[in-house]
């Protein structure tokens, strides 16, 4: 097989968007743009666009540091100033990067925040994270407490509570920092654009129901969700990006093509897999290659839902902007209770006709990981399909043991193969 | 009752992993129910008002062999959820008719989901104590939540809960908090009189006994211990912090004392010590409880401190108030809230020139030697240099 | 003059030291002994070691004013008082290397760094976790597998030209890593140096975490391993981290010496408090 | 005879197993895994073929020479004598290597004298080790020779006023050399010598011996053709096999256990540094598994450390632990700390047997977690891997299974350590009969 690097127009487009964003960040001070640090899950991008602020996402910096092999030394730096080995490495990676001058992925120093917008959806660690950042920056913090969907639904009270906080805490702080008044119509406009892009994203993700799947919904998926989950949702650029992406994916479906991977086109789909849990960033390509080598394609993943579960029907609603933002925050994947997460995985296995499912358990992330072993059992029971379980970390290179992961994946795929050949024997 | 008898009783309660005492209590009255709760903050008043017995679920200590609980959690997750699951699967929580899961951290939060999946027949009430402390926002939300909890408790106990029931419960717990404060004050003043292992056992007993009975026990102890003849030892006075959730074993607490430390303040068994002043008993009781939460200035790693300049202040105050010579950060392994808080608190102590040391434990830590060495060296340092 | 003894009961060996302590400028090590525990009853090992030290010092048992223990004191029934290991190692390290402001204690199962002031007061410390990766014990079993005697390790390691990194965190799995290396034809010096470097990395991490700079007295059994010391110095230089490691021929005794010195200190304090009567 | 060979290159031991075309096990071989994987593999394979020949011989005797007096006892005697031959041969090599090594250091004369005494005594003792009722402390030359050497060298060092470490170092260096080359076979020759020894001991008559010798020669001459081999185990990736001839340990253990006990639904395998819990269906197809990661706490190597610390053989550990009356509770099972834990507890005055009992229970507790994580224990339950040879471990497991799952049939085969190799051999046989790459994951890539 020839391994040519395939670059589709959408990829170029995304690259440009990101480069442009970092350029704007670098020039933020010159242009008097205000910088807001905030998180991906439950991000309030449309609202922030309404105030003309520029977001910085610490988790994205951390994952980029992981991919650029810098996270190891950043984590070490944070541990040197007293952080425990045990805690979330995203936080430590971010702190370490800060200690090292806060140089972003483009090699330029990131601007300091004018506001820390702590929307704390799906994870308590976010709260600690911003408490820690607050110690280093002299800027206000807007805290948005998003309750947990403990009983599988976002109640009226929860929505009202979050919307009230947007009104009384988040918007006033944004106004105070930017000097811009809240303009409901501007936010609505962005939401309208979000909707369109959200439809296209869902179409792209659901294209994986085809056989062969034209996309990898995990490794490839993290690129597809990039603009939607970060600075761009609600922008024209994002709208254009998703239109383009969708047409490319449609074309691959029509041509009966498999997904594009760094190793080239995957032309033989041998296993269709659903994955739960974030990927590992320090060995991202190596990890992907382990799937590629076995002909395994991820057809659905939960990680691509951490910034919104659009495929389950949610859309931003310009008619109720604040309530809709509240519903969005409440609905992010890690804010769902375990029974809902089990249902979602089981549905994916069925809807995407998967051969197996895998849990990538992340040492850092209690929010994702605590309970995954119980989920495993329940998903197996619900689908009758055995699951696989591997343990890695997001950005701590010490916790990625290639031989170990490989051994487990290999054993798992061999087991799936043995299973399907066994079943053939029986039906023959 | 003498000190020894009281402590013996408490020890028995601590070791009662099967909750026989709860079953007995239930059997003593028609239709009695018991509701478990996890750390750190729970309005036990509501359970009491519903006529049910609030029972603390605080892991299994070092006694229980964890088999199936381990199967539910990866090695890098703290210990308390696995022992909770183990207890449940072994039928040791059968006496409970439901459980409250406060929003302490992601682990306890997800544990509520595990409970829903594994023990569907038992009520699981997760509740999100608000981090927004604006009475009009968080306050309103919390008031609603409390009402919701009451409604769900009513379903479990099969009867209505009135305002007077709630007021009576508030009074009982106000009394409990006063007694606990007295106990802590006494220990801070005369630590040789109240060993922390005893203070701890007393508080743990409150996780099993009805509050009135526990109050009596506390009062008796406070009287009896003042008559005890206990020798003053050449120990260092320290504050322990970080132990708010998964509890260290009694052996660990004793190890610290043997290594030459008098504990003069701690955040063990925090649930017994929330809020500064009493909760008011007039007006709407749910409002009163919500208000108390909103205005309490208790700082723990699971509560957002809105004013950054106040971070760590409570710890410094406690060191000063109790005349402590140092702080021991003892936190459960893999406890994100405690461990992420630690560097912030340590920075404050450094600024204040207060000595500290730190280590991690888990409820079943068996190798106490490294902990003894660390605490011992810390105490040595304080002692050898106290007059230098 | 105070005649005091220190007994350090470790996991691998018992160390005993006799010190003639006349305050700051007049402190002398009179004699010492080391006794490996392996295969012996602990109490016997302690007794034998203490007797040997007394003999080496030429001191009668009864003449000793204060017997201070550190480590596992329960097995020393004749102790007067006890000091915790880091208190003792800091003081012992300072005695052996008066310029030191930190002690690095590397023994069979642990590594600890202790930051101290010029009087031996412990200011901060860090220790390796419960997991035994990179401990002396590990080095010992690997070197046996490689057919290398303990006192050859250092020299061999210094001959490495292309050290091979050990990847596993777990000591047991690292053992397999090493076997793998042998099978790939990696030379013994390069393997040993690889292990030394991985231990060095861990220890330097501790040192940095305790914010230590300047002269560090190396104490404990592994102070005798020049390969480890060299690896640490190199690794520190590579990270542009100034580190001046000073092992001492008596490093293994540091705990015992430190305990003895503190014992003398307490003895004087106590006799002042309770005048002879 | 066509042979299908499975090779399981484990972290501590390497196993080989031979199947015939009817999937009947014909021979087994085991050796300690060493730094040279090819050697380990070769030695295990040779042992398996040798074992196959002994088995053939045994069969031949019972079929064709049953009436000859003394014949029945011959195969067993012959095995012992052959093992003795092998041992003496290796010991000779070891001594020679040690002597070369001794030339490289100080005190050459004293060392040489000490070595002389040690090896003389070792040779004298060796026949006891391989007598008909002998129970060597290990199957492996390294361990057997090592134990004898240590014991004798301690005394010799004292007599010659040498540091024990010096003699220890010589052994450590030499054993590496000796175990890392494949011993020459010289099969016929050595069997001939063994046969003579056995005949003498069994006092066989001349005619009987003649008949039996013929049988032996026939068996030695029988061609054993290795048709397909499949490798598995921890070190499988380094085995000199093509990719499609390598199977994951999980699958091999599953299939192997299924072949041994067709009713098996749950398999527990505890090897040197990993523990695996495997669920299989009625065809031996794996449906789920869990294995330990990164931390080797509580695996077989742990017992090895303990045995070393106490200076007893692995065989002896289980029986000692079974004498526990009140097993102590042990929470930490870090392999490296095992020795320290033992020492600590001994110094606290706890009984050795009770500590050992506790250690075994602690290991099985970890295994129980893994089992439970993999989906629990279903009937029937098969325990495989080296640790299944340890009676105390088995007893602890039985207790725990009973407490946690109730009545379960627990299968343990005396050949449990070969389960992985058996699975691999079955895959080999399958691939030969299917005439296609094994499974769906064939070597097309």
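For clarity, chains are labelled A, B, C and D in written order, and residue numbers in each chain start from 1.
Everything below uses one rule, namely that a contact is a pair of C-beta atoms (placed from the backbone, for glycine too) under 8 Å apart; a residue touches a chain by one contact, two chains touch by 3 or more.
Keep in mind that what you see is a predicted model, and the values were worked out from it rather than measured.
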Per the touch definition, the chains contacting both chain A and chain C are B, D
Give the chain pair, either A-D or C-D, that is connected by more C-beta contacts. C-D
Centroid comparison with chain D (C-alpha atoms), farthest chain: B
Centre to centre, by mean C-alpha position, how many angstrom separate chain B and chain C? 40
Centre distance in Å when chain A and chain D are each reduced to the mean of their C-alpha atoms: 49
Cα centroid separation between chain B and chain D, in whole Å? 52
List, in ascending order, every residue of chain B touching at least 2 other chains. 71-72, 367
At which residue positions does chain D touch at least two other chains? 294-295, 332, 344, 373
Where in chain C do residues touch two or more of the other chains? 130, 168-169
What's the contact topology between the chains, one of line, ring, star, complete, other? complete
Tell me, which parts of chain A touch chain C in their complex? 76, 79-80, 82, 85, 398, 401
Within the complex, chain A is touched by chain B residues 71-74, 76-77, 81, 101, 103, 105-107, 109-114, 116-118, 126-128, 130-132, 134, 136-138, 140-141, 144-145, 148, 301-302, 304-306, 308, 311, 333-337, 339-344, 346-347, 360
Chain D to chain C touching residues, read off their complex: 11, 33-37, 165-166, 168-169, 172-176, 234, 238, 273, 294-296, 299, 301, 311, 332, 334-337, 339-340, 343-344, 346-348
Note: in the complex, chain D contacts chain A through residues 247-251, 279, 281, 283, 285-291, 293-294, 373, 375, 439-441, 445
Would you pull the chain A residues touching chain B in the complex into a rising list? 81-84, 86-88, 91, 120, 123-125, 127-129, 131-132, 134-135, 141, 143, 145, 147-148, 150-151, 157-158, 160-161, 164-165, 168-169, 337-339, 341-342, 361, 363, 366-367, 369-374, 378, 391
